[in-house]
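In the two complexes that follow, chain A is the common piece, with chain B as its partner first and chain C second.
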Partner chain A sequence: MNCIIILLIYVLGAVATLASNSKNAAKIALVTSLINAVIALVLTGEYLNGNDISFTQQWISNPNISLSFVVDGLSLTMLLLTTLLLPIIILASFNTLYSKANQLYSLVLFMAFAMAGTFLAQDGLVYYIFWELALLPIFFIGLLWGSDEWKVRKRVMVTFFMYTFAGSLFMLAAFAYLYTLTGSFAWSDLSKAVLSTKEANYIFLAFFLAYGIKIPVFPFHTWQANTYEKSPTIGTMLLSGIMLKMGVYSILRWQMPIAGNVSENILKTVIIFCIIGIIYASLIALRSNNLKRLLAYSSMAHVGLVAAGAYVGNSTGYQGAIIQMVGHGFVMVGLFYLADIISKRYDTYEIKEMGGIRSQAPKFTTFFLIILFASIGLPGTFGFIGEFTLLFALSEKELLYAVFAGTSIILGAYYMLKMFQNAVLGSTQNKVFAEVTTKEYFVLAVICVVLIGLGIYPKLLTDLFIQ
Partner chain B sequence: MSTTILLLTLIFPLVGTLINGFWGKHLSKKVSGTIATLAIAASFVTSCLFFAYIQDGEPVKVVLFEWMKFNYFSIDFGFYFDQLAALWLMFITGIGTLIHLYSTSYMSHDENFSKFFTYLNFFVFFMLILVTGSNLAMMFIGWEGVGLCSYLLIGFWYKNQDYNNAAKKAFIMNRIGDLGFLVGIFVTGYLFHTLDFIELKEQSFLAPTLGIATMAFFIAATGKSAQLPLYTWLPDAMAGPTPVSALIHAATMVTAGIFMITRLNFLFDLTPDVQHIIAIIGAVTSLVAATIALVQNDIKKVLAYSTVSQLGLMFLALGLGAYEVAVFHVITHAFFKACLFLGSGSVIHAVGGEQDMRHMGGLKKHMKITYATFFISTLAISGFPPLSGFFSKDEILLTAFHHNTVLWVVASLASILTAFYMFRLLFLTFSNKFRGTEEQEHHLHESPSAMTMPLIILAVLAAVGGLISIPGSSWLNEFLKPVIKNSATLHHHELGTTEYLLMGLAVVGALIGLMVAYFKYIKNKQVPVNDNNVSGLQKLFANKYYLDEIYMLIIVNPLNFFGSFFKKQIDGLINGVVLSFGRVPSELSYQGKKAQNGNIGLYLFAFVIGVCGLLYYLFMCY
Partner chain C sequence: MSTLIALASLAVLILVLEIFNLRKTIVPLTLVGLLVALGLNICDFNSIDSFYNNMIVVNKSTVLFNSLFIVLTFFIVALGQSFYKEQYDKISDYTSLKIFLLIGAYCMISFGNLVMFFLGLEILSITLYILAGSDRTNIKSNEAGMKYFLMGSFASGFILFGIALIYGATASFDLDQIVLASTQLAMPKWFTVGFTLMLVGLLFKIAAFPFHFWAPDVYQGSPLLTTTTMSTLAKVAAVAAFYKLSVVFFPAMPTNFVNLIAFLIVATLIIGNIMALKQNNIKRLMAYSGISHAGFMLMAILLGKTAEPYLFYYMTAYAIAGIAAFSVILYVCQDKKEELVIHFRGFAKHKPVLAVTLSLALLSMAGIPILAGFFGKLFLFTEALKQGFYITVITAVITSIISIYYYIKVIIVMFTYKNADANTVYQKNFMYSAVAVAAIIINLVIGFCPSIIIDLF
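Moving on to the complex of A and B:
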């Protein structure tokens, strides 16, 4: 089997969904995503057996661009994250009745197509095209199905679109420059290109503008909380669960291999900014009253650590970043789902209007606790494996980095437990909170099983990329 | 020794957790409580088997699979059963069984009965992982796991936000220590390329950064074992149900720091500077906590500060390199403090939830068993011979005397104060007349046998527990020999005149404490006044040296301030800069639009300029 089949199925699914009526759209999208999840697992099996599942086809001869999709441990892990998380995200969206559902789910599948393409493409220009393609559907999802007034929402989504798009243009310029050096966009050629430190510095910074905004790294983060807040839950899940990983993935795939001999000072500065972002975002999360915004800043804090580890550039940082991308994906989708469930029942995202849930919904509370403690890296959950590896990587570079970045395990516990206490605990305020439905139970249980299972036996996943 | 039996020790509590966690609500309270108690009892049986085996058998290492892998070393998911683990296994499961049994009665009216036992079983499971983990990362699983269960159990009555605050505080303060643990792990892994205890013991060498590692580990211990400056969570943790205080916050979890340092004794021996710090912190903590305990009126708070104080004495021993002595005191303390906490629970039960000793008194005649066991344990903790606390505390004082007189004075002072506040507690609670309401007095009763039986067993152990390490012929020291690389204890086991004199002094000190309490609270029938009416030193003690207020001022408030500042000011500023970039094109286009004003003259002018420029370029360049 070939990895390109996943891309084709997403496109077919997107077309089929668009053509269907609103009633069946969600189901078609779910089936499509499930088929691809199975295919991804089959592909993983074939990859582990040593079969070649890559695809390469010359596309344009001048300039030299080829449709090349290569699978290795890194891209396969990202592909698994995308394909396995998507059915969960779609199933989680069944709680909400969207208008024009066929258009929405078509965009969702199209976005999955673009993200999968980003993770697979080995030709710089094709990669860039997929990278930008992924931006369009999420822009429309946020714009057309988001919350708040049209004017506010439009301003937020346009800012998000323009900001990330502008950052990406620098990446395109970097690719163009690299093409003039090597005459190729292929990853295999670019990663072998010998750059002077000066060239590497410029290329590194150009890439950084694209990835730093996408991830986001402090101080390029201001689009994030607004966008997460205004997007519908399905969009927020796609953004935080998968899309921002495109940035970290690209650091590992493109930025570090190509511009690896960037000057040490630039590298240090970038790492320090990542760490500042961790503390900065944690403190804002501590003062956030809106659950969605709190989760947005908590996501930023966690991804700051992932980015810092990726920029360390050693093998520990590499594997830590991959592990935590997967862990963070499942945790964020889980947390936003929990927030969505609360908002459906209490009709608010304001934390101070919640509370009294535990006595009414013990199962919901247990799921909340498991996902919460996975997010703050309790050993035995997958979140710990990622945080541990990343902090260890930072300590290999400089012990003080690990200490400062490690304050996130204290601050993270602080803002998450404070939120939990106010949102879930306490006495009932005469508001009714129904226990989780079967569908909700199923989605949350799957997420919890993944987080605990991989926390105890991480090799199931890490064998893909650790030799 | 069969590894299956060893692993069963860990599996029983986990099975208990799962049964009560998934089906607890459908089980009757009796079944639910019995399953939970039996799970720990089964674990106790296998622990006993192992304990019998290890008397002259070899330690057993069990590796289940490779857990994590880095490019220069890997971490096993494995367990290591040796002498040190055996001791902890014995008293965790032993005392654990008793406290589970006690809880079946104590919690019998609670609506979340099965949830309580789920958490309690889960706690024992993590505690066993903590003491049997074969490497530092495994120990860390247990370390954070017991923290999780502690959080869940302190906030067990979750409708009360004060209790939730206490739970949250405990978890966060422990996390400060946990960061220390992680840093210690990182430095150790980086230096020795292993986290495995056996390999570390064989390979340990002195490196410049080793002091950072041991110091970081000690910081972790100050969190979990409630030492200065991180102890303030423990008194608040008394918000949890009393059996929880007995099991987690007195007998087992809070001794994890002592276990960890003893486990890593070969690393600490290499860093004497850190050892000095440990000894000093331990001694100071024991005195500070003892002074606070003098003026507490909540029966559980007195015991909580007493625990902090006793743990301080254990750290003093650790810092002096006398690991066996610290372990000895851990064990005797587990007996008498568990008995005291359970006793206080029995009292609270009898007076309908009242915890203020000023509203107690005269309980002696209503609760004879509780009183007798409480009295024995009070004698034990105060250090009266021949009860267990006498032997263990005396060894700590002796060791301190041989190393440093100042430390000895501080520790002795703490011991004298201990005798005073413990008898103060005893007299205020059990002697004189009852000071509560008439309705309460009407209900005074001895607790049911499920509660008094554990009390009796623990009181017996508190009385005779000292036998495991009698000066001169210590079974414990022999038993722990394979675990401890260099022992500072062994050489002064000859008992000379000095030693007997010191023992005598300690007993006289304890007697003075007793007598003062007797005259104050029995002869003169004093009852402590309201906290607001005290002054001077007493006021300082009653306000716990204002440590909570200081933390609030220098840590919590600044965090909140910066959080708000970042959120409102800085984020807005950055966003403004970003948006102004966005305005550049629109501003340019706005200016450009002005040029397109339909004035033919202007267009012509621009055209001419343009052509001139082009021509100039062509002529000059070619």
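Moving on to the complex of A and C:
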């Protein structure tokens, strides 16, 4: 079997969803994503058996561009994350009745197609194309189905679009420059390119603009909280669960191998920015009253740590970043789903107006607690393994980095537990909070099983990319 | 050459049909005639030939550029069927004028002699002056025609004076002779002055800084279909002619001439994109967007001979996207007095396919991947970086970022405003929709497989 099948199925699914009516759209999308999840698992099996599942085909002869999709441990892990999270995200969206659902789910599948393509592509230009294609659907999802009145929404989404587009154009310029040096866009050629420190610096910075904005790394984060807040839940899940992983993945795949020759000062500055971002986002999260915004900033804090680890550039950092990307994806989808459930019952995201859920919905509280613990990295959950590896990688580079980055765990525990206390515990309010439905139970259970299962036996995942 | 004769006969035939009162058959016959001309043109693909003492030359690149012009004219004539519905008694004039315009464009790329170039330029310009002022009862159209005529004839004057000086330096109008003279003999000062004067005129014709001021006003005042013609066919024809001349003259210019062109590109890109941000009239917006694209196309001129396939690709992508965009604009604004962006409110709800078409066309111009415009920009950037024009490329990248804002503004207006006037009724119009969809399909196809065009050279 070939990895390109996944891309084809997503496109076909997107077309089929668009052609269907609003009622069946969600179901078709779910089926498509489930098929792809199964195929991804089959592909993993084939990959582990040593079969070749890559696809390469010349596309344009001048300039030399080929449609090359190569599977290795890193891209396979990201592919698994995408294909396995998507059914969960779609299932989680069943709570909400969206108008024009066929268009929405078609965009969702198209975005999954673009993201899967980004993770698989091994030709710089094809990778860039998928990278940009992923931006359009999420822009329209946020613009057309988002919350708040459309003028505010428009401003937020246009900022988001302009910001990320601006960053990626510099990446394109970097690729074009690399092409003039090597005569090829293929990863295998680009990573072998010999760059002087000066060239490497410019290319590193051009890539950093693209990835720093996407992840986002301080000080390029200003679009993030607003976009997360105004997007519909399904959009927020896609953004935080999968899309921002594109940035970290790209650091590991493109930026560090190609521009690894970058001067130490720039690398240090970038890592320090990541760490500033961790502390800064944690402090804002502490003061947030809006559940969605709090989660957005907590996401930024966690991803800052992942990015810092990725920029360390040693193998520990590499592994830690991949582990934490997977962990963070499941945790964020889980947390945003929980927030969505609360907001459906209480009709608000304001933490002040919540409270007393525990006595009314013990199952919900249990799930919340498990995912929350995974988010703050409690041992036994998958979050712990990722955070620990990343901090270890930072300490290998410089102990002080690890010390400062480590505050994220303390602060994270503080703001998350404080939020939990205010939102879920406390005295019972007048409002009724219904216990989770079967569907919600199922989604949350799957996420919890993944988080605890991989927390206890991470080898299942790490075998993919540690030889 | 047979193409040129066929086109000329076609233009006359259209006028004759009017005499015999066969008005209804004019547009279909013209379309067929254009297809025939396209076929004749493609037949010459592998031949290298020259006619009338090297007045007209035929080779692969002229055939390709001419094919693009013919295809664009085909679309424009097809749009005219609906556009001139209210003055259908004049359809023969309008249609034949467009064919004459095409003949001008043909001469502007197939010339082997500067005299032929000037003739082509004048044929193209004069038809455009007429078309710009063709909405007689509209004061704005009169203004546009007058403005364009006055400034355009000045520009033609510059070009003519430049040609005269070049003749003075080389004693020939023939391109081959000029190349021969300029490479072998020491050229007097006025050779450079001559080409600089031509440069002024050419910059005016393609609407590049600092001679771009006419474009927004003339685009706005002209009838919408004339604006379409100006921003697609006339623009790419002028750029193609400029490119052909630059290949001949640039090697003979002083070394810092390249810096001048690079500066003009940077300024054109910045002016075009910044000014477009605040426009609320879609025609003016497209005018400024056209100015910025002229900047991109000038990049190919800077890069010289190797950039020819890339320039051709960029032109095709730009012009085809322009046709698609303007067809939808025609559709929306068909009975509006002014073409404001707010008229597009809620358009997506009424006509989702056309709204998507316009979005794709604008995104192609903005350079979003997989659409043809993206590859156009990419090819130019890669080639420019190869030749070391870093600052030009960085400016182009930054202005591309700016440009996305005004394109996306139009798209957002179409998709979000729910409360379009409830009583807005969009008249059905098969021709506009058909042309828009056909053009965008071409754009997508050459976006998916850029090799189709690049490998032709």
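Note that in this section the second predicted complex is superposed on the first by the 467 of 467 C-alpha atoms of A that agree within 3 Å, B and C clash if a C-alpha of one lies under 4 Å from a C-alpha of the other, contacts with A are read in each partner's own complex, and residues count from 1 in each chain.
Here, a contact is a pair of C-beta atoms (placed from the backbone, for glycine too) under 8 Å apart; a residue touches a chain by one contact, two chains touch by 3 or more.
Not measured: the values here are computed from a predicted model.
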Partner chain in contact with A:Lys154 - chain B first, chain C second, else both or neither: second
Partner chain(s) touched by A:Ile60 [first = chain B, second = chain C, both, neither]: second
Which superposed partner A:Thr180 touches (first chain B, second chain C, both, neither): second
Chain B versus chain C as contact partner of A:Gly45, first or second or both or neither: neither
First, second, both or neither for A:Glu132, with chain B first and chain C second: second
Partner chain in contact with A:Met162 - chain B first, chain C second, else both or neither: both
First (chain B), second (chain C), both or neither touched by A:Gly260: neither
Chain A: partner with more touched residues, chain B or chain C: B
Contact residues of chain A, present in both the chain B and the chain C interface: 162, 166
Residues of chain C touching chain A in the complex: 309, 363, 368-370, 374, 378-379, 381-382, 385-386, 393-394, 397, 400-401, 404-405, 408-409, 412, 415-417, 449-451, 454-455
Residues of chain B defined as touching chain A within the complex: 65-71, 77, 115, 137, 140-141, 143-145, 148, 151-152, 155, 158-159, 161, 164-165, 168, 171-172, 175-176, 178-179, 182-183, 185-187, 189-190, 209, 212, 559-560, 562-564, 566-567, 570-571, 574-575, 578-579, 581-582
Residues on chain A engaged by chain B in the complex (per definition of touch): 159, 162-163, 166, 219, 221-223, 280, 283-288, 315-316, 319, 358-359, 362, 369, 373, 378-380, 384-385, 388-389, 391-392, 395-396, 399, 402-403, 406-407, 409-411, 413-414, 417-418, 421, 425-427, 456-459, 462, 466
Interface residues, chain A side, partner chain C - complex: 59-63, 125, 128-129, 132-133, 136, 140, 143-144, 150, 154, 158, 161-162, 165-166, 169-170, 172-173, 176-177, 179-180
